[in-house]
Amino acid sequence: YGKNTIKFLRLHREGKKHFVKEVEVCTHLRLTSAQEYLDGNNSLVIPTDTIKNIVLVLAKKNGIPTLEQFAIDICKHFMTTFCQVAYVKTYVQEVPWQRLHENGVPHVHSFICVPDGIRFCEAEQCRNGPLVVFAGIKDLKLMKTTQSGFEGFYKNEHTTLPERKDRILCGELFCKWSYGECKDFDFDCIWNKIRECILEAFSGPPDCGEYSPSYQKTVNSIQMLILSKVSQVQVIDVVLNNTFYNVVDMKNLGLTNDKEVLVPVEAPYGSCTCTLGRK
Amino acid sequence: YGKNTIKFLRLHREGKKHFVKEVEVCTHLRLTSAQEYLDGNNSLVIPTDTIKNIVLVLAKKNGIPTLEQFAIDICKHFMTTFCQVAYVKTYVQEVPWQRLHENGVPHVHSFICVPDGIRFCEAEQCRNGPLVVFAGIKDLKLMKTTQSGFEGFYKNEHTTLPERKDRILCGELFCKWSYGECKDFDFDCIWNKIRECILEAFSGPPDCGEYSPSYQKTVNSIQMLILSKVSQVQVIDVVLNNTFYNVVDMKNLGLTNDKEVLVPVEAPYGSCTCTLGRK
Amino acid sequence: YGKNTIKFLRLHREGKKHFVKEVEVCTHLRLTSAQEYLDGNNSLVIPTDTIKNIVLVLAKKNGIPTLEQFAIDICKHFMTTFCQVAYVKTYVQEVPWQRLHENGVPHVHSFICVPDGIRFCEAEQCRNGPLVVFAGIKDLKLMKTTQSGFEGFYKNEHTTLPERKDRILCGELFCKWSYGECKDFDFDCIWNKIRECILEAFSGPPDCGEYSPSYQKTVNSIQMLILSKVSQVQVIDVVLNNTFYNVVDMKNLGLTNDKEVLVPVEAPYGSCTCTLGRK
Amino acid sequence: YGKNTIKFLRLHREGKKHFVKEVEVCTHLRLTSAQEYLDGNNSLVIPTDTIKNIVLVLAKKNGIPTLEQFAIDICKHFMTTFCQVAYVKTYVQEVPWQRLHENGVPHVHSFICVPDGIRFCEAEQCRNGPLVVFAGIKDLKLMKTTQSGFEGFYKNEHTTLPERKDRILCGELFCKWSYGECKDFDFDCIWNKIRECILEAFSGPPDCGEYSPSYQKTVNSIQMLILSKVSQVQVIDVVLNNTFYNVVDMKNLGLTNDKEVLVPVEAPYGSCTCTLGRK
């Protein structure tokens, strides 16, 4: 049980310059007891309202140096304060505020919301177990308009899909990785590096791209690049939900449509999930 | 990988009387191969477009006798047809069309959408493993305006919640159960019986209700009643996401508010999850 | 300017029997002044926080006898209390709680949310003008599986739609009507009567239905029936957003699909709007 | 009546360099006839399916030089082709794809979705009337963490809001303007200029900002700046839906909270709308 979508803004001021971190936190606990379920005895139950208070108090006291550190702080607090807590998990998601710029000059206290991929993290701990940290990006929508195909697949009497050498690849990416044993990582720096890896593996070199023979291969390329470039990452989950773009048949309208007008097919949509770790 | 939100309507006609079943299907596969991820070799990959075709063809051929039977049919088809499939999972969710009635007379072909709890089911199978079936209800919103409190909970310096003997209990229920070894069950009849159990355990006798000392106890009561009344159910997951109703303090507006005007607090919201099975 | 989505629950108790009305209110004002826009002089500005307080206070004092009466109360309060208000508009929308029944017995204090069409109303007044009241229903999803076609339409070189004598008609209805000069109407009774008119005009007789040659004609039938049966209604707006159901072509899958499996096309969707009043 | 959410991607290629414009189009018509409503006579009705075809054909033939030009093309086509069309309106909204950059180098065919304010436009024409063009931006979320207050407002017994000299101003902006008589404008350039005006008027100079005494004044400042800097704009509508950030009272948790931890209040929310034109 726990509290979901604890939303708040942490404002930090250095003179006239302001820094904001707006987050949404979910914290869940499992207690050692079962009497609250069986007998309605609440004596060990930490109210979800108290959970919320603790999250806000920690934000006030420690600030949010990084999402990950904040999630770690919350887990540690519950484990050390309450002996009836058997397990704690905290999810933290960021509202993507970016500092405004006017003609290249950063503004001291104005921000704009730019949701081009949402950063999140998760920390969890069982009593007597290690504190495990995950981080990730979600709702990242990417498209490449060529250098993608799908050929040589398995066919039987239910196959109607034609082979394609040149299609649009468009999808929403979810990517979550674990840090294994948690040390003093520079979580912000790693997160940015991984985001760059995703964009690079998805799109290939800027002047020509790189051919994707399937969603599966693209997912794997993303994972391989991250594992090779970011040593702190142990395991990576990637989910690619793809929107297919259908080339509109304009023959009966007297026109030839050379992949100029395409219609997105939002339902049903394909999905490809893969988990990859180090040996 | 697989295909999500395959939406379609299955229309069945008996003379002038029409029967509709509109569903949303997600079917996911895991293959025995990894070459599509590593080498871009698609020779064993069943396109998600083919998955969609198969779902539609099975709906055409077999109809949708029950959601559960349809999910079972899909899983069996993939397991028996494709030897490269290591695992298959199918989720089926119903669009809640109900037959229209005019002055008590059922209409032969008109329907209204009544989303008071969405029915869904899931079937999954590993190669050489049993076919397992789950069913459930989600998005079921219930409220009781008394016979609910929360007292005697754990307190420390971060506790600000007052004890309450009479509060509103309002929540959205998710309930999913497994049928263990799958036999010839009357899935429709069981589903309706379980829905009744949920409503009964949540609200208590119609003339007086039954006191709930916590969300946890209410969740447990629902599970206990289902296990006692429906022998086919093996394990039950319940999630209760609750909306707290705050009694508006009207003292500074010169009024006494005796729980007459309450404001829902939608974020953050508490959540209580429990899994209960038979011994 | 004003306050939107003021959500609250009004609880009314008669002994052990409880009655709930949960609503969402939006109240907007236009002031006689412009100085708040031009000079930042707020001396006549009623804060939106005060607007919220007033809505809650009126709910506490008067209750919500009907949505319409509550909207009228709010408008009257602003007009009579603040001479700087030039115009006031209030929208009230209901959360569709229904009393739970167990084996036909109504429960004294338990409710279920059944969103099969949302009731709303609107009241507005200019200073020195009449108080005008509107009411309506929205998000009402209806379907008929036959007795609908579309033939004889205008054709040119951009027409690819075939004529159809037997298609599925499925849509989401929005219906809003005005009451003209506002008297002591029984708003609950009228609303229910109009809802019945909509269902009847949409679906026709329960044993055979009635043929719809177009969305336009169906919209008009709904309006005509309401105007003929409900004398208090002066003008009616209807919007019918329709979802087309595409019969899946299964020829290349070796099957004949006699309107048994159909796929909803949710985007793009057609829309048909009509306003009809009395002479 | 008409067709809504006609979604498509227009792909334009110059050698290896690709350009994308993904849009969502709604086109509505009013016919000179009423017989389709009254008699079910469809002879003058242009099917919404044909409307969709025409939109796609025009995209294929003309491309989408600017959203505005495309909306104009559609309106002109309907007016000149169909004499039964009395009125036509077209709304075009853009999916905010931006070209990907790797280390500052633009990619030839990869794009990322960056929804920091959605661009849209509208064109409409009555038969024998002028073609009128509107453009706008919506879903633009901005925040300033100081230089905002609200004081000196009207007070009575329902006022509980304290005066504030330093609060957070956070809101979602909707801004729509008309171009009056439509000439050969550089719509892309104007749109970007107006977006800059909005950001500048909202936030003030980058080193210190500018004090906002109310939402009303901020809305007016945005409008005044646009009218003064962009001569082509005739009238501007601005809607500012604001999210209030509540400073968490931590006294009973033994802490002083100097506007460091704030909680967004998403419902109810204030709204401020203003229309401003030239004399």
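Residue numbering begins at 1 within each chain, and the chains themselves are lettered A, B, C and D in the order written.
Quick note on the criterion: a contact is a pair of C-beta atoms (placed from the backbone, for glycine too) under 8 Å apart; a residue touches a chain by one contact, two chains touch by 3 or more.
Chain labels with UniProt names: A, B, C, D = Uricase.
Small disclaimer: the values here were computed from a predicted structure and weren't measured.
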From subunit C, which chain is the farthest off, judged by mean CA positions? A
In whole angstrom, what separates the CA-based centres of subunit B and subunit C? 28
Could you give the separation in Å between the centres of subunit A and subunit B, each centre being the mean of its C-alpha atoms? 26
Measuring from the mean C-alpha position of subunit B to the mean C-alpha position of subunit D, what distance in angstrom results? 38
Quick one: which residues in subunit C touch 2 or more of the other chains? 7, 53, 57, 158, 160, 253, 267
Based on which chains touch which, is the overall arrangement a line, ring, star, complete graph, or other? complete
If you look only at subunit C, which of its residues touch subunit A in the complex? 157-158, 160, 252-254, 266-267
Quick check: in the complex, which residue numbers of subunit C touch subunit D? 1-7, 28, 36-50, 52-54, 57, 81-82, 84, 150-154, 156, 158-161, 213-217, 219-220, 241, 267-274
Within their complex, subunit D touches subunit A through residues 7-12, 16, 18, 20, 22, 53, 56-57, 59-61, 97, 100-102, 105-116, 140-147, 168, 199-200, 202-209, 245, 248, 250, 253, 255, 257, 259-264
